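The first chain written gets the first letter, and so on, giving A, B, C and D; residue counts start at 1 in each chain.
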């Protein structure tokens, strides 16, 4: 049978969903991470504990939240507290995965969602850290979801809103950030990327369907390391797409 | 008509109750302060806000609590939270009065409820600070309730569990304690005492019924200052005693 | 014990703990009826140049009727705790904001805030001091505790810290670097709740965001409530009271007070109404027109609700599962 | 930034934040049935030399059935968070305590604890480190936040601070002296609640004492509950969950688990039973006899309740107004 059709959002959602195992905790932000968490719950991770910044813990994501604080973020949750209980839970080491986004990402996974250009006379004023800096500081493993082009994958971010590996090995620990925490994956429309253990620099792990290694390199604004074996990420399956379209996002708010 | 009979506990309770005005906040500990607060609510202070260390705020004290954490400490309360919310509320300056007790009090109102003798090889191990140090640090005005003798009113306490005026004027502020806070009154079976504004040393304000100034001085282990006019504290009124015996402490748990 | 780093930004609000204690001491502790209209509450307690904060945020349990009244009265030169969506967007679009302690101002699923972009990129907002979401809530918590700072492990190593007013020290216990967040004492806090009594005892259903912290960090506190209930109802469930009455200066009865945002268990967010602002906010002219139509042309919250319409409000109520008791 | 003073006492428990993060990371996050008996919970999770803490305290919502089981199993050399009444008194009388972070151990209206006096004055308790009640709760809060200390204004200027392990610094923001309380990470925490599901999601009615803080400061957490309820009941009122399941290692069903203490809305404290301990605890021999009679001679909590008697339990229930729903 032929591969089913899908759009870029569906590809990002399915790729992110596959990264979350069952019976783990994930700090879920607005947008694609919500859909990915919901899809993961329905596919392979029924016991994925979705944690929402403003207080929802362990919600059943059968209706899709539009916002991190809204009612679906604590629908049939096991606990509904507040932002400090949640972030302190992460600071204490209870939250395994965290999702991040931004306008720029650098080779060490540092993210910018604050300003383009000079901070005090910005060319573009972006929303700011939000929960990003907290997630990037405290979660064990962070996953960035990005559109992939040279303007977004840059050698040096205009502003480091959220810490990745900062300037490389040991620099998170030197800054006082939790030992053993940091960037884990980047999911883009072109590739799945990780970080080379020694240098902590971004590394190409797999290409998205129909994308070549060259295309990934061409669209990356810095020298990208290559894993010994570059896999190709499987396209969204018919089952993934069915769940995504018929259950996760019935109303097609995102896809 | 002749003065009604009363016992020493009843005298202390009535004396303490009279010190609390209406529509104010009071941090209430176990024992006599509970009875005093309850009596004050029934006499002249229906809007006295009783605050209990482990979370009760604004309870209606029509049944007498036996313990600072038990159900009557939040009976029909406006809020039932926890110890940190309560003590942080005091630390923030919301609590006007606090009640204290101890085995020793010195001329500056410093209190000892920790050890008699050397701390590490104590002659007597007392319960410890409990909430005392917190009340004595954060409440605007503290009222100590003491039995009056030379062993309790001492020149120097074996251990300063709870800060009074420490070593005198300015020393609370130097230590970092809140500006304008500190000891306000001592209610004993012999007298009502305050603190001389300049020296912050304990000062005799009034004698209890049938007690002479000389008796107070004889039973005080340090040089006690005298107010320009020494009042005599009125004996418990018939109405005070009726409320105390028939409503506040029906079961005579304390009186 | 060593000071390792200091953010380059100034404090937008001084850490005056003793003054805060004095003003808390002076608040009435008796049971006083504090009910009033949005107009009276805002006129009485909010002044030009004040530092204000709102909770939770623009599309969720947000004091929108109070926010619209601030715009209606045109109270300017405000300094804001910058965590929000629609509510802060309205204040920005109305040109009432002079400085921001900012963590997130945007439109969530609808992307960046053009009101924020216009006001900051033009320099009309004179200063943006950077923080994370939790950092801002921790700053409220520090004030609520009555202490000058809280130590945390957020913001370390980032430009967010560099452009903040935080400090990094070597911990005197562990020797590790630690971020110290300065207490943030608000001149005015605004919170919308499910129910309150006329004295200000307030309860919230579902998540509580940072309501407890913001309420306790506010010199003056304005509460709007979907419903005013008898105090007996509060006393029957005292552990539900997130905000005790003595913190509160004004109680405003505001049904659908979070519109166009949601109120969990009561009504759904009004998506078309939110999109109307998203559209209007793209350009300053259309944004001004929106403010004229939805705020200045309407005398009060009652008139606003009339414009929303009874039928629409019933639809929004029907869209959420009520709370089974 | 200056260090002004340091308490002379050592930390009885190291501030190992990274180790705490690792152990929290390793806890199972799936929904696992954690129900077990007091005997199994104590045998599995409490070891000689552990640092343990209990909540709330001896006569109020206290894990007495778990405490009695510790005595029954004779787990010794314990270090304790010393805020309590009957529960800590039993451990002291049984000679199981080696060191105390102490704020209050006494018998409330019944005065000083003779068990404490005997153990401390004899030197069998080798060390008492002094704190205030709130200081101990704040130390749990620091651990719960995952930070090494919290700054407060308690303990300043007192011998309580001098004989503690706190430090006084000059605040880097205000220049004022400030007390820093080191985080206290418990090896084991014990909490008694009104209801929990089999996974450990726990809810408390009325005041919550310091349950939220202690639960989050514990490497291993044992919950006893008056009632085990279906998870659906928890999910229907998620804001009531003070302890989420992933914090919990054992769930013990213990009706009247706080006896002879009270459980608000369920049963009254058993005054004669409390007085029995007050009497027995005056002398070490009578105290030992009490432990023999009420703990060692009884195999488990069921046998203890049998000894209390069905009729007496019904009396205690009848003495408290139930909770109107």
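The rule is short, and it goes like this: a contact is a pair of C-beta atoms (placed from the backbone, for glycine too) under 8 Å apart; a residue touches a chain by one contact, two chains touch by 3 or more.
Note that the coordinates shown come from a computational prediction; the quantities given were computed from them, not determined experimentally.
In this structure, the chain pairs B-D and B-C differ in their number of contacting C-beta pairs, and the larger number is found at B-D. Rounded to whole angstrom units, the spacing between the C-alpha centres of chain C and chain D is 37. Between chain B and chain D the centroid-to-centroid distance comes to 28 Å (mean Cα coordinates, whole Å).
With centres set at the average Cα position, the gap from chain A to chain B is 57 Å. Put simply, the C-alpha centre of chain B and that of chain C have 40 angstrom between them. Touching two or more other chains at once are residues 56, 74, 80-81, 91, 138, 178 of chain A. Looking at chain D, one finds that residues 145-147, 152-153, 176, 178, 206-208, 212, 236, 238-239 touch two or more other chains.
If touching chains are joined by edges, the resulting network of the protein chains shown has some other shape, matching none of path, cycle, star or complete graph. Pairs of chains meeting the touch criterion are A-C, A-D, B-C, B-D, C-D. Residue ranges of chain D in contact with chain C, taken from their complex: 1-3, 15, 17, 145-153, 167, 169, 171-174, 176, 178, 180, 182, 204-208, 236, 238-239, 324-325. Listing the residues of chain A that touch chain D in their complex gives 22-25, 47, 49, 56-58, 60, 74, 76-81, 85, 88-89, 91-94, 96, 138, 140, 178-180.
On the chain C side of its complex with chain B, the touching residues are 18, 20-25, 27-31, 143-147, 201, 212, 216, 231, 234-236, 238-239, 241, 244-246.
Of all residues in chain D, only 56-57, 59-61, 82-83, 102-106, 108-109, 112-113, 116-117, 120-121, 123, 128, 130-135, 137-138, 141, 152-160, 163, 168, 176-179, 206-213, 262, 264-265, 269, 320 touch chain B in the complex they form.
Partner chain D is touched in their complex by these residues of chain B: 30-31, 52-56, 66-71, 73-74, 80-84, 87, 91, 110, 114, 119, 121-134, 137-138, 159-163, 166, 171-172, 174-178, 253-254.
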